[in-house]
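The two complexes that follow have chain A in common; it is paired with chain B in the first and with chain C in the second.
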Partner chain A sequence: MEIKKRFWQILIGVIGLSLFFIIPISLIETGGEKPHNEETNHNKTDKKFNATALIFDHIGDAYSWHLFTKNGKHVAVPLPIIVYSNSTGLNVFLSSKLEHGHHYNGFYIAQEGEYEGKIVESSGNVHNNHGITAEITEQESHSETAVTRPIDFSITKNVFEMFLSAFLLLWIFISVGRSYKKRGVTSAPKGLQGFIEPIILFVRDDIARPNIGEHKYQKFMPYLLTVFFFIWVNNLMGLIPFFPFGSNVTGNIAVTLVLAAFTMLITNFSGNKNYWKHIFATPGVPVPLRIIMIPVELIGVISKPFALMIRLFANITAGHIIILSLVSMIFIFKSIYIAPVSIAMGLFMSMLELLVAALQAYVFTLLSALFIGLAVEEGHH
Partner chain B sequence: MTGTLAAIGAGLAVIGAGIGIGRIGGQAMDAMARQPEAASKIQTAMIIAAALIEGVALFAVVVALM
Partner chain C sequence: MYLNIILANSLISPEIGLLFWTTLTFLILLILLRKFAWKPILNAVKSREENIDNALNAAKKAQEDNAKLQESNKEVLKEARAERDNMIKEAKELKNQMVNEAKKVAEVETDKIRKAAITDIQNEKNAVMDDLKKQVANLAVDIAEKIMKENLSKDENQKKLISGLVDDIKIK
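Showing the complex of A and B:
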């Protein structure tokens, strides 16, 4: 009886969660279409729903956090923009100043060209960095093509999401750590501690120990645990579609590049004599053959973390694209009868993504442990 | 034209990955049925091999998308 009740609770929770997934996205879409209805009727038939643009807008990074559009008005959470330009120095302002193509101190978000969607500085009005004069030259700068890209430290959507996940992880693990301090490691875990402890033990006993080795795994546990929980939490946060979550952090290739670079650096810096010997003087290979073997082994050093980077990025991005495509189907066919199909398929994909979120964190950590294990292995040839 | 070719390329990559992962999964099932006590080890090896194949397939898909 107890189990059955729990099952229903979980089922209702899961369905509720997936409804959350679908409703906000559709809200944005129907809201976005409204103004065209009111403006002109023939305009609506001309305007084709552009699914590609919508999807890439949703999985990409942005300077402000767009919530929804109501009666043609965009409602967004402004985020700070921090840019350093060679001419005007450091500029800090809110992204709401740049909405609807507005210029601020000569900065604006490029609508086309090489830097599309990024903040650029028009070099036409560099000499006047005070409000009024900048406004006059605004019109001229449209025709001038000379734009430069300032050094951009902005707290964008993804950066904000990463701060949030870092804060969440710190909060979880500091409180868990505190309860270990209070109760000791021998007594039974309680509350949040009871949820986290099996996962930590899983990373230790199923990932680190068998792959790195009994004697050396402890040194690498902090990194493996950090990377596991960081990827997992960010994957899950990317699946929640409403405001403080839903940014595509682990589906951003820059983020996965940094994670893979950490694995590469740790692997190579902890590599022992045997590791380097296998690269530069592979045992059992004749000397002339080393001309081929050394480049191949060096490519292997780069390609292993490169595959880690692509795998995480492509898996998470593909998941987001599939769900958004399913939702877009309603607007492509312009029919309400597609909606149940879209929602059912979206629900199925959301469930699959929950699995993928944990699986990709596991695979990334497992392969990192494997590469580190290969680098620290003692020779037994 | 290029779009169509890219789509065909992505599809071919997915076929390859499907065959590969399907074979790994099938063989792992076989192995687990023969030796249930080694199931956890087989599972780990299976996931590693599947992840490697998936990595190659995703390379192809990313290249096709670009």
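Showing the complex of A and C:
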């Protein structure tokens, strides 16, 4: 009963969220009526299927949430763009303003060059000196104008999905936390609580305790649990191919970099005397050899979280690439008869990715716990 | 061309915006979850584990107590059995003793009765003998009278008779 109720709550939430975006979608559709040079070019390239472009478009970040293309028109959910430029200051607007190569306030999405796919600003100063109006600038080829990259804090596809995952996590775990207060500690866990508790106990008993040690693990439990569930939920959300899911959050280097940086900072800030002694005066190593050992150990401080960053990024991105490649096979072969093969292999890969989603969350948490454990370990020498 | 796409795709070049939002989201998530989820959950789980441990220990103790109780019960039962056996034994002895005593008493009584009977018989006999003697004496006197009346004419006969009578009397 409880689960059924929850299910309906989730369904209504998702539908509500989707409805919230339908009005802007229709706006884009009408807004994108007039034909553009870029668009017609785009249509031409669309005819020749480019799997690489499609795949990299899907696993990369985007300013709007592309849903589908109808009659050569992209239907997308617009997302807020927040950019700060030196000339115009802080600008906040919806990405629908930049659809189909439109310019807004001097900002547009670069189609080529160093900042391809990113918001750039055409520096009007150069043209103003020449007496050319902004209108002409827009019409002209971009290579002639000097483009600069503004500081970009846009709520992109990945940011949006990350927010969604954060709300989902807060909702799940705060409600579970409440059910402990409500139900007390003497009764057996029920419903969502019963599903979550074994996982929390797994993180505690199989990740934190053996790696950090019985006396010190408690301090690090909130971080380990948060990072575990954050990665897991984002991995899973990335596997759902429908709006508002399917974004490659944990397969983005920026996200994994932040997570790995957290582990690195926690490891080094909780490192005890023994840990630093191992780095700067490794026991049993003659003093002259320290010239070599200290740099090696310092590289180790960086390389451990660096490996965490690359591992998660590569695993999740690879999974997305494989599934998308399998789907692309249908279009590469231009045959519907390849579809059963694509679907069967895609299904298999999706199953594997479900495992990988949990496995990578586990590995990241396990290695974080291991690094922290090494940093807080008391000397045995 | 592909390398270009990879590089341009920000796949391996982290964007400042995403770095910022990820840090912010993760920090807020960490703080909120720590306060409202992890602490209550972990504390609850811990106290439940303690509860379970206590309950298990209590159950173990109860079991031990029970075992001890059973042991002592057995002891009591054993003692009770011994007591019962003892009592039965004593009762048997008592019974035997009583029976023996009764037998003795009965023997003594019968003895007494027999002795009394013997005495009585003796007395009776004596009385009967006395009576008989008297009667015999009377009879003898009667007989003697008759004989005297018939044979006293002869002297020898008289003497014989008298000595014979006298002898007879002496024997008795």
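Going forward, the second predicted complex is superposed on the first by the 317 of 381 C-alpha atoms of A that agree within 3 Å, B and C clash if a C-alpha of one lies under 4 Å from a C-alpha of the other, contacts with A are read in each partner's own complex, and residues count from 1 in each chain.
The working rule: a contact is a pair of C-beta atoms (placed from the backbone, for glycine too) under 8 Å apart; a residue touches a chain by one contact, two chains touch by 3 or more.
Bear in mind the structure is a predicted one, so any value in this text is a computation, not a measurement.
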Combined model on chain A: chain C and chain B, fit or clash: fit
Touched partner set for A:Lys118, first chain B, second chain C, both or neither: second
Which superposed partner A:Ser368 touches (first chain B, second chain C, both, neither): neither
Touched partner set for A:Pro210, first chain B, second chain C, both or neither: first
Chain B versus chain C as contact partner of A:Ser350, first or second or both or neither: neither
When both partners are placed on the shared chain, which of chain B and chain C touches more of chain A: C
Touching partner for A:Val255 - first (chain B), second (chain C), both, neither: second
Which superposed partner A:Ser325 touches (first chain B, second chain C, both, neither): neither
Lowest C-alpha to C-alpha distance for chain C against chain B (Å): 6
Partner chain A, residues of chain C touching it in the complex: 2, 5-6, 8-23, 25-26, 28-30, 32-34, 36-42, 44-45, 47-48, 51
Chain B-touching residues of chain A, taken from the complex the two chains share: 206, 210, 307, 310-311, 314-315, 318, 359, 362-363, 366-367, 370
Residue ranges of chain B touching chain A (in the complex, touch as defined): 40, 44, 47-48, 51-52, 54-56, 58-59, 61-62
Of chain A, residues touching chain C in the complex: 52-53, 56, 59-61, 82, 114-118, 151-156, 158-159, 162-163, 166, 169-170, 173-174, 176-178, 180-181, 185-186, 196-197, 200-201, 204, 218, 221-223, 225-226, 230, 252-255, 257-259, 262, 317
